[in-house]
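Order of writing sets the chain letters: A, B, C and D. Residues in each chain are counted from 1.
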Amino acid sequence: MDMRELIERLTSRHKLGAPIFQRPDLTFVDLTDNDRLRALLVELRDIEGFTHLVLLTAVDWIEEGKFQLTYMLNNRAANQTLGLRVYLERKDPVEFTSIHDIWPTAETYQRELREMFGINFPGSPRVMDEFILEGWTDMPPYRRDFDTLAYSQQTYRDRPGRATNDPRDHMKSKMYPEG
Amino acid sequence: MSRTKALSQMTTVQEVLETVAEFDREAHGFYVDLVPKVSKSIRYIVEELARAELDHIIRLRELAKSDDLRDHLMDAIRRPRVDRKFSDAIQAPELGEHPDDQAVLQYALSRQQVAIEEYSELAANTPPGPMHEVFSFLANEESKHKTDLEVLYYQVVHSGGV
Amino acid sequence: MFSFNPDRSQYPDVGPDGKLEVDLETGKYLKLWHGPNHPGITGNMSVEITVDGDEVVEGKTHVGYLHRGFEKLMERRTFIQVFPIVCRVCVPEPDFNEYCYAAAVEELAGIEVPEQAQWIRTLILEMGRFNSYMMAMGGIAGALGSGVIGQWMTYVRDLMLDRFEEMTGARIYHMFILPGGVRAGLPEGFAGRMEEVLRTAEKYLADVDKVLFTNAVFKKRTKGVGYIDPALFEPYGVTGPNARAGGVAKDLRKDAPYLVYDQLDFEVVTETASDIWARAMVRRRDIDVSISLIRQILAKMPTEGPVMTALPNVLHWKIPRGETYIKGESSRGEYGYYLVTDGSGYPRRVNVRGPSYTHAMALLEHLIPGTNISDIAALMVSLHTYPPEIER
Amino acid sequence: MGFRDVLSPFTAWKHVIDTPVTIKNPIGREAAERYRGFHQNDVDKCIGCGSCEDICQNAAIDMVAFAEPKPGDSGLRPNIDYGRCCWCALCVDVCMTGSLTMSNEYTWVDSDPDAFRFTPGVDAKPWDDIEKGYQRAGERMLTGLARPEMVEMAPEARADNFDEIVAGYSREQAVLEADRCVECGLCVATCPAHMDIPDYIAAIREGDYDLGTQILYETNPFSEVCGRVCTHKCETVCAAAHEGEPIAIRWLKRHIIDNVSEERRLEIVGTPQVASSGRKVAVIGAGPAGLTTAYDLARSGHKVVVYEAKDQPGGMTRYGIPEYRLPYDALDRDINVIKAQGVEIKTGVRIGNDIALDKLKAENDAVVLAIGLHLGRSTRVPGSDGAGVEAAIDLLARVTAGEAVPVPEKVAVIGGGNVAMDIARTMGRLQMQKYGKVGVTVTALEDFDHFLADKEEVKESFEEQIEILDGRGPQEVVRFKSGKQKGMVKGLKTWKVVSIFDRDGRFAPQYDEGDEVVHEAEMVIEAIGQMADVSLLGAELTEALEWNRGRIAVDAEGRTSEAWLWAGGDAVRGPDVIHAVADGHRIAASVNVALMAGKEAGA
């Protein structure tokens, strides 16, 4: 399967960004029209042989105000993997279309995304159920603005008696405190 | 005149010690006189040289008083061949009126060389025993002093190797 | 034997949220916790099951017992600092994490890996697979009451851990596959000692064949039990031995050869029944493949040359913006790392695709209704899942 | 399913008679040779750079004081909290000296949790001497070993001209080199000016040359100069030098300044932002020490006039260093920034001759003496007094001034330092221009193991066909005794130096008088040492001043024993550009305090 041809073929009907041919067997492409996601996925699954949903996950581009969702699809016969990327506005509430009916396994991914990134997929089974976290009240912890260090400092206590020295400052204080 | 007599083949330990003491005394006097003649910037060199000579004088005096040596003062000993050079060095240093640091150091180094040779030969001329050890010790002392001077010379003249 | 095509009309209705409506007041149903500490669970995970008599009508998976937020932790570690923690995502087969992460970093940073290192990496992955299968064998036998197999397999695994120890310097978390290569070549005389382990393993595996696979009880409890319709494989993302047991020769070592697999001679093992027996059998036969691969690697691999490429200064190593996905065939199926970089010294996002994520959650929940309570453990273990890779 | 399926499982019973495989007492079981167990640290080898702490993803390592810091060693040593250590051994892999290793000991029982926090190698442990355990398999792989090669003019291309040899790093090379720095900062203490070396190297990595320039100017207004000819003591203590090459700190400094235009540099540095103090300072000598003093004082609002005996400012950087190492326009760019601060430089004015020192004292609130070392030392061997024997430092200055100097076909140079290399290579170039071939023989007291000149200088001299003979002691400048050339130089007689230093490393040359060579030469150039021309002080001031072993005595701030006079630079510290810059800062700070105190008292 020639991925360049495939992307060209798809571009005629779907709004796609410039593809990145990362490896001969791995391509990334942006879908710029989010409403066409389901149509494109079904086409890829049923016509182009991308029957395997490898993973679905999010990337928080907080500086750009966007969440990236990556739908990683695989066509085993052709040994091709396609990372389809869509971007969501990063302002609450963040919601996106569920694909659990296209791939039932997406249910788990969508549950996790809801919990860890605060991206909801209305209609996805058990999407509001706690997945990993129990009794979590803070912001979704996989968002970039959740500070794990601050969290652990608030939650746990440092071992007493630990102190370190920066070599450069230490040498200055001992060897040339005035200069 | 006494010098002529002193230059015969054989001499005594006492005489030898007196000669070297005189050598050091004169040198000390020479350096002390030199101090005001050189620029203050290099006076430290001359002062150090004077101090070293004074140390030698004191050491020799103590040696002569020691029990070991007292018994041997009148022993006969072959006069070192370099003794003439040694005696010459006591007088007439060839330094100008206002020598610079390098000139002073070169003079001190050459003088030191003579002293090492004198003591080495004296040591060679005495059989194993206290006297031999005394002269070996003195030769070694002078040798150490010369090394100090060479280090100083290197530092002053070869200013840090540029 | 219980039917595995139950009449679901007797089951409680599905509510609007997709969950079963179970009225415990009726006394017809009982809720039980299967796990998190249960011999039938590999690792810390639990299934909340609803039984009607000894028939299970619903099962809900619960994970989170080991969540340490690895993916998030990786985002605040430099590229080299991520290296020591990736292995912890999967205890029994940690090396896949090391390989996938290293390869992803290497690809995005443009680093070439020396040939010898590629061979050593392949060797490690096969040793890891071997060990993982040892646990799976012990697990499936243990779930059906045959504890002795677990003891034998633990012993054999321990011998392999000795080989890991002498090669990598550690038994469990090897931390050996660094971005750029591997930490060292093989120790002197390694191949000979490995051969001894393989021979011992083969001796014990012959016993396993007699005691487990030629065993009326085992056959009765596993044949036809825990059937997964191959039609579910794609919708539920089933890969690896679980798919191969259903006749689908999915194996990334063949489908998308990585490292030096294209230079090795092996066949993809398949079974057709897609039941617990078939899944156990695929694993049993795949151990033989691993043994053969280990022997081939040790016979063919170069032993000269570097094992590591000098890296840029790792203390302030920045990788340009980009993303990639690296995958490999672990003992449980497709294992992959999705790495997104943003030009800084830290990963923007690391997503670990562990096979258990698809096998132990939605699929398991789908398979449970209609099973017998006594088969739950065998069903779960037959999927060969490791919970840490679910919750990362 | 058959009968076999029922009986076969019973074969398990055969294992009943097996010997158990469990280890009875696992405590004490020896781990594998490469096992990553408790750490060991060779504290004498460790330099306390803290790279282990930086790489530790568990924050398990603290750097704790172990000994007093000394050049190249912070005196800190890693203290490890085994409550956090994950045994990944990245600390071992990153260790810059290879001092940190791991033993294969892994069992240790103690009821005190704090016992599991200790400083390996300092707190004695039973595994300290165990040889087995994890060590880096080969050389460092995590922080880069080699520096990018500097592009230089080929020897043939440079042999007959004074064009700059070193091209300077390209952006790509500089980033590669800057990348190798582990930012331990051990270099900062050794740099006389305490330049913020890791910070400006970081600016290169970030591509922020404006920031880099700003950082450079905070501690050194002579980056063009120091970026080329600094003695880079920093590089000798670089953590990277313990295995592999030190970071090319000097070239990186130059790279920053190469990438900022003169105009931009003036914008970044700016001009004095304080009101004029109304105080006046005279600086004698427009070398790096004098001009650094002037730069700082001008930026503090004082009126500074620098008096320079030579026709151009720059001191030894202009008149001592050949143009192929430091082009005059690069020096001028540094000086222009200093001038832009309102510093007035009066060249061609020799204090003592043209203006009396007393006059300066009377007309200024402070006087700073930064006169350098402009007199060449002579060996004073026989024959060294007379025509045909030159001082290297005089010749170099005359070449810079554009004067014609004698260029015979054969030249012998006495000396093994950088000045000897400078004059040899300068004469070699002039010979190439005149004769098309080089005829320079350098004789050095020191052997190549103890050579004084930089390795690069020696290497480049060889490339330029200069003959360098090490371990040769000059004995006599041989002159023709008769004939037409009577009295003219015939050659240089040397003896072989058998050993130059004694066992304690003290100068104690031993000669082999049997190995005597006369190096044929029409001119002998002495390049053995330099001294300050302190004649400007006059007898009275010379007597009034305190001296320290031949040099004007100064305190830590650069004050002489006379309240109005400060002194610094080569004349006080010995020859070194960066020391001179450091001195300049120190003196300026001291003068500033004195002037401001005086101003308050006066007001």
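Methods note: a contact is a pair of C-beta atoms (placed from the backbone, for glycine too) under 8 Å apart; a residue touches a chain by one contact, two chains touch by 3 or more.
Model, not experiment: these values are computed from the prediction.
Chemist: Just how many steps, at minimum, does a route from chain A to chain B need if it may pass only between touching chains?
Modeler: 2
Chemist: Counting in whole Å, what is the centre-to-centre distance of chain A and chain D, each centre being its mean C-alpha position?
Modeler: Roughly 50 Å, centre to centre.
Chemist: Just how far, in Å, is the C-alpha centre of chain D from the one of chain B?
Modeler: Spacing between the chain centres: roughly 42 Å.
Chemist: Taking the mean of the CA coordinates per chain, how far is chain B from chain C in Å?
Modeler: 90
Chemist: Could you state the distance in Å from the CA-based centre of chain C to that of chain D?
Modeler: About 56 Å, centre to centre.
Chemist: Following the definition at the start, I'd like every touching pair of chains, please.
Modeler: A-C, A-D, B-D, C-D
Chemist: Over in the complex, which chain B residues touch chain D? Could you list them?
Modeler: 39-45, 101-103, 106, 147, 150-151, 153-154, 156-162
Chemist: For a test of understanding, state which residues of chain D touch chain C in their complex under the given definition.
Modeler: Interface residues on chain D, with respect to chain C: 1, 4-6, 8-9, 11-12, 15, 21, 31-36, 51, 54-55, 57-58, 86-90, 93-94, 134, 137-138, 141-145, 179-183, 202, 205.
Chemist: Looking at the complex, which residues from chain D come into contact with chain A?
Modeler: So the residues of chain D in touch with chain A come to 48-50, 53, 61-65, 68-69, 74-76, 81, 83, 114, 117, 184-186, 188-189, 194, 198, 556, 586.
Chemist: Mind listing the chain C positions that touch chain D in their complex?
Modeler: Touching chain D: residues 77-78, 80-85, 146, 148, 152, 155, 158, 162, 165-170, 173, 175, 178, 180, 183-185, 187, 207, 210-212, 214-217, 219-220, 307-316 of chain C.
Chemist: Touching chain A in the complex: which residues of chain C?
Modeler: 17-19, 63-64, 67, 69, 71-73, 75-76, 107, 234-237, 239, 250, 255-256, 322-325, 327, 334, 336, 338, 340, 348-349, 351, 353, 357-358, 361-363, 366, 391
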